[in-house]
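Letters A, B, C, D and E mark the chains as written, and numbering starts fresh at 1 in each.
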C-alpha cells in the first residue's frame, strides 16, 4: 500500500481479477464501477475515481480505462491544469522574494521556484528574473496543502533546456493539446511547421506555450497553426500548415 | 387555463418536460461551460478553476465555491442574490471541495432567457458545466420545477400539476415547487435504494397541501430520470467529439 | 476602605498605595489604588520572601469570568493546524494542558521541530495538514506573534485528523494514518497514544 | 486521556465528537431533547416610534421587528392596494463572527423567505392598506433587526414579522381633494399630531385600526446531522450541521414553504414527512405563545389606562 | 411654545433639574463578551462589546495599547420619520468617533497591547439624548465585558429653554432650537471627556448649564454603579462564591 497523492492517485485495497463491465464506457460522477467485495487483490486507482466503502466511485466524467492487472482511471478532459511531479511547465513570475519566486502555472494554486533551483546558482549568483517574465521549468513536488515546487534543472542539476524564456510570445492552449504537442513521435502540426520554418518552442503540460522566431510574423503564424490544430486530424493539420506557409512565403 | 382537454397552452401534457438542449464547452476561456435550455428558458454557465484565491478568502481545508448570478439584463436584485446562495449550497452537495484546499472554483451563471423554471434550468446548466470542467464530484444532480395550477372553479378535483412550467404557468399557479434531486448512478453493485432520489434542494412559493407537495415530489423524481438520461446522452456526445481527433 | 468581598466598580478607591500593593483588576491613581473592573475586592497576604515593597498585602478585584489559560515554555498544548507551507505549520492553540484557552494564541511548528530524528528529511506537507489536531510542547515564546512549538517526541504529534472524505482517520504507524471509509493512507507525524 | 480534558477544552478540540456524545444520549449541549425548540417569547409594541413592532426571543436568538407606514401613490396595476417592503438587518453587534459577507448572505436568504411566507400564506391583504383608490395607500416598511444571532434566524424573523403585523395599527387619516393625506387629530390619541388640513378634506378613515390578518405562517428549522433531526438549532449547532430544512405551515396545516437550500445531506420522502410532523407540533406551540402574549399585552394595556 | 409650565413642570411632567427614568440591564446578549441595554426615558439603546481579541487587520495593530473600534447605528424605525441610513453616513461616523473617544479616555488600553476591542451601539428608539445614552450603554457593556477602566464614563445632556436650564432633554425639547450641551464625565476623577454644544449661550448661563449637565452625569453614574453592583451580586449568587 502506498499513500495517496493529491489527486487520489493511490491504491486501494482488495479488488477483483474480473475487470469492471464499464471499462471503455463513458462514465459520469457518482457511477459505481466496481464492487470491491467481489474478491480480489490490490486495485490501483488513478484520476477520476475514489473508493467509497466497498465501491469504486467515479468523480469525473470521461471514459473508464483499465490496464492489467488492476489499474483503473477515468480519461477525461480537464482544461484546468493540475500539476504532477516531473511535468514540464511554462509559467510566469508573479512575485519575487529573496529565497524564491512565485510562479503562475495556471494550476489551482501558484507554484514556488526556489532561487537556487537553477544550474550553477549560488547565494551570490542568482538568475535575475522579474515579475512578468516567463520561465520553463519542471515540477519537483506536489502536495495538496503546499504550493507545488519547480526547478529549472534536471535531476542531476543540469539546465537541460530549462530556465528563463527571453522575449518570445506566450499563449494558452488546452492541456489536451499540450499533451499532443509534447507526445512522441512529434505530432503532425509541429512536424509540418518544423519542415518549413525555424523557431524556438517551449510547451508546458499546463497548456502554456512559448514561441520565439526571427520575425513577429512567423511567431504569430506558429502560434495560430498550433491553436488551429486542436480539433484537426494529422492530415488536416498538415494541409492547414501548408496553406499558412504559402501565405507567408508569397511576397 | 387549458381549454383543450388535458393539454397545456404550448401543447404539452401536464406531465411533459419541455425540449432540452445542452451544449458543452462553448466558452473557450472558461475551464468548463454549458448552455442548458428548456425551450424558452436558457442559461449559460462558465466554470473557472480550481484556481488561485486571494489569501483572505481561501479555506485551508477545502476549495471555496463561489457563484455569480448575472440576470438577463440590469443589475442583481435580492432575488438573484438569493438564487446565487441557493445554487452555491446546492452545488456544494456534490463538489469534492476537500481535494483542492485553498483554491477557488467560480461558477458564473448568465441568464439568457427566462420563460419559467429558471432556477432548475440554472442548476442543470451548472451541473453540466462542472462536469465539463472536470471538477471532481460525488454524483450528478437533476432539477425540476413543477406548478400547481389553480383549481378550476366548479370543475372539482385537485390541482393540476404542471411539470416544467413556463413563465405564464408559473405566474398563474397557486403554488410552485422547485427541487434539485440526487440522481441514481449507474452501479456495478446492486444495493440501490428503494426510497427514490433524495432531495438536495427544495424551494416553494404559494400554499399547498402536504399531499400536494409529496405528489409533486414524486412527479419530479420521475422527471429527474428523464433529465439525467438526457444529461448523460449529451455528455456521451461531447466526450466522443473530444476524442475524435488525435485517436 | 472596604470590607472583604465587597463589590467594587471601576474608579472606586480601594485604599492607599502606602497600605496595599496593587493587584489584578486594580490600578493606581495618585496615592490611591482604584478598581478597574467590576468584581469583588479581595486582600491577600504579601508573597513570602519577596522584596520589602511586596511586604504590603495585595489588594485585588476579581470578577467571575475565568481567566484564560496561558501557554508557557515547557507546557503541553493542543492546537489546530490552520496553515502549512514548506517550512512551518501554523496552528491555533486551543488548550494548555487540560484547560481550554479563551484568547487566541498562535503557535508555529518549524521544520526542524517536527521530529527528533532525520531532521533534515522532514517535510511539513507529509507531517501535518490544515485541520489536524496536534499535541505539542511549547519551546519558547518565539516572536511577538506566535509561540514556537515542537512535536519532536513520541507522544507528540497529530492526535486527530480527518480524511478528505470527512472521516476520522486511524493511525496505522507513527507516520501513517488511514481513512476507514476510502482506505486512503496519508502521511503524518502521528502522536503515540 | 481525552476524557480527562475539561468539558470546555474537549468541546474546542473535538466539536463534532462533543456534539455526538450528547446526541447519542438523546440530548443536546444545552440540555434540550432533539425535538424541542427553545423557550420563545414575544413582546408586542417594543418600539413606540414604530407603527407596529415586536421583540422576539427564541432562546437567546433575539430579533426586533418594526413597521413604519408611509403614504404612496398606488401603482397603475394595483390602484386599490398598498404594499409591503421588508429588510432584514444583521448589525455587527449580533454575532462574534466578524465576516460581513457571511451576514450579508444570511440576510438575503432570510428576507426573501420571510416575504415569500407572508405572501404565500396571505397574511396581509394589501388591499387593506388602501387609503383612497388610485390616490393613496400605505407602504408598510418592515425592518427586522437581529440583535443576537444564535441560530434558526428564519424562524425568529418570521415570528417577529407576524407579531409586528399583529401589533400594527393604521393611523386615522383623511385625504383632501388634491390627494394629499393628512393625519386626523382624534381626541385622546391626538398626541403631537397637528391638524393642518382644511375643511374640504374628504375623511377616509376616522379611527385607528388594526389589520385583519389572514393565515399566520409558523416556521420550524430542523437541522440534519448524521441521521438525527434537530429542532431549532443554535448557532453552535448550525456550524456543525450537514443541512437544514425549514418547514412553514399555517394554522390550517397548509404547507407555506419547504425550504432546503442544498447542504451535504439529501432528504428522503420519509424524512420530509418527519420534518412536517415536527413543524406541526411547533406551529401549535407558536400559535399559543402568540395568543398568550397578545392577551398579556392587552391586559397590560387595560391596566395602564 | 411653552416648555416649562408656570408650575415649573416640563412637557413630560419632569422638573427642570430632573433626569428621565433610567433603566439598565446587563449581559442581555449571550454571544457578546459584554452587553447592556439602557433606557433613558423613551430613548432605548443597546450596546455590545467584543474583545479584547486579536486585531482583525494586522496593519492596524498597536504595539503599546489596545485598538478601540466603535460603530454606532440607528434602527430605521427608531425615529418619527423612517429613514434608511446607509452605513457610514455623516452622523453615524461622527457619533462613532465621539463614543470611541469617550471610551478610550476610560479604558486602560495600555494593559492590552496588540488587541482590539469592538464596541457596537444600536439605537432602537430615539427620544433625544441618544449621544449620552449611547455613551452610558457603552460604559456598562465594557464593564460587563470586564475591560479594565480607570472609571465609569457617565454622560448627560442639558439645555436652556424659556430662561430655564433643563436637564436631559427629550426629543421635543431637543428640537426646540435652544442650546444643547452634552457632557461625558469620569465621575470619580471629575474629569470631562466630552463636551459638545450647538447653538449659542451667554457665558454665565453656560456655566450654569454645564454645572447642571455634570450633576446629571453624577446622578447617572451613581445609578449605573448601583446597577453594576446589583448585577454582580446576582451573578455571584448564581455562580457561587468567587474562586480565589
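By definition in this document, a residue touches a chain if its C-beta (ideal position, glycine included) is under 8 Å from a C-beta of that chain, and two chains touch if they have at least 3 such contacts.
Just so you know, these numbers come straight off a predicted model, no measurement behind them.
Trainee: Give me the chains shared as neighbours by subunit A and subunit E.
Mentor: Expected: C.
Trainee: Of the other chains, whose C-alpha centre is the longest way from the centre of subunit A?
Mentor: Checked the centroid distances; the maximum from subunit A is E.
Trainee: At what distance in angstrom does the C-alpha mean of subunit E lie from that of subunit B?
Mentor: The answer is 53 Å.
Trainee: What whole-number Å value describes the gap between the mean CA coordinates of subunit C and subunit D?
Mentor: 42
Trainee: Determine the centre-to-centre distance between subunit B and subunit C, using the mean Cα coordinates as centres, and give it in whole Å.
Mentor: So the centre of subunit B lies 48 Å away from the centre of subunit C.
Trainee: Using CA atom averages as chain centres, what separation in Å is found between subunit A and subunit D?
Mentor: 55
Trainee: Could you say which residues in subunit A touch two or more other chains, in rising order?
Mentor: As it turns out, subunit A has residues touching two or more other chains at 8, 50, 144-145.
Trainee: Every touching chain pair, please?
Mentor: A-B, A-C, B-C, B-D, C-D, C-E, D-E
Trainee: Residues of subunit D touching subunit C in their complex?
Mentor: Touch residues, subunit D against subunit C: 1, 4-6, 8-9, 11-14.
Trainee: So in the complex, the part of subunit D that touches subunit B is made up of which residues?
Mentor: Answer in residue numbers: 105, 108-109, 111-112, 116, 120-122, 215, 243, 245, 250, 253-270, 272-273, 276.
Trainee: Which of the residues in subunit C come into contact with subunit D in the complex?
Mentor: 78, 80, 94-95, 98-100, 133, 160, 193
Trainee: Okay, in this complex, where on subunit C does subunit E touch?
Mentor: Listed in rising order, the residues are 5, 7, 9-13, 25, 27, 29, 34, 36-40, 42, 44, 62-65, 103-104, 144.
Trainee: Within the complex, which stretch of subunit A touches subunit B?
Mentor: 6-8, 20-22, 26-35, 48, 50, 54-63, 76-80, 82, 104, 107-110, 144-145, 176, 180, 230-233
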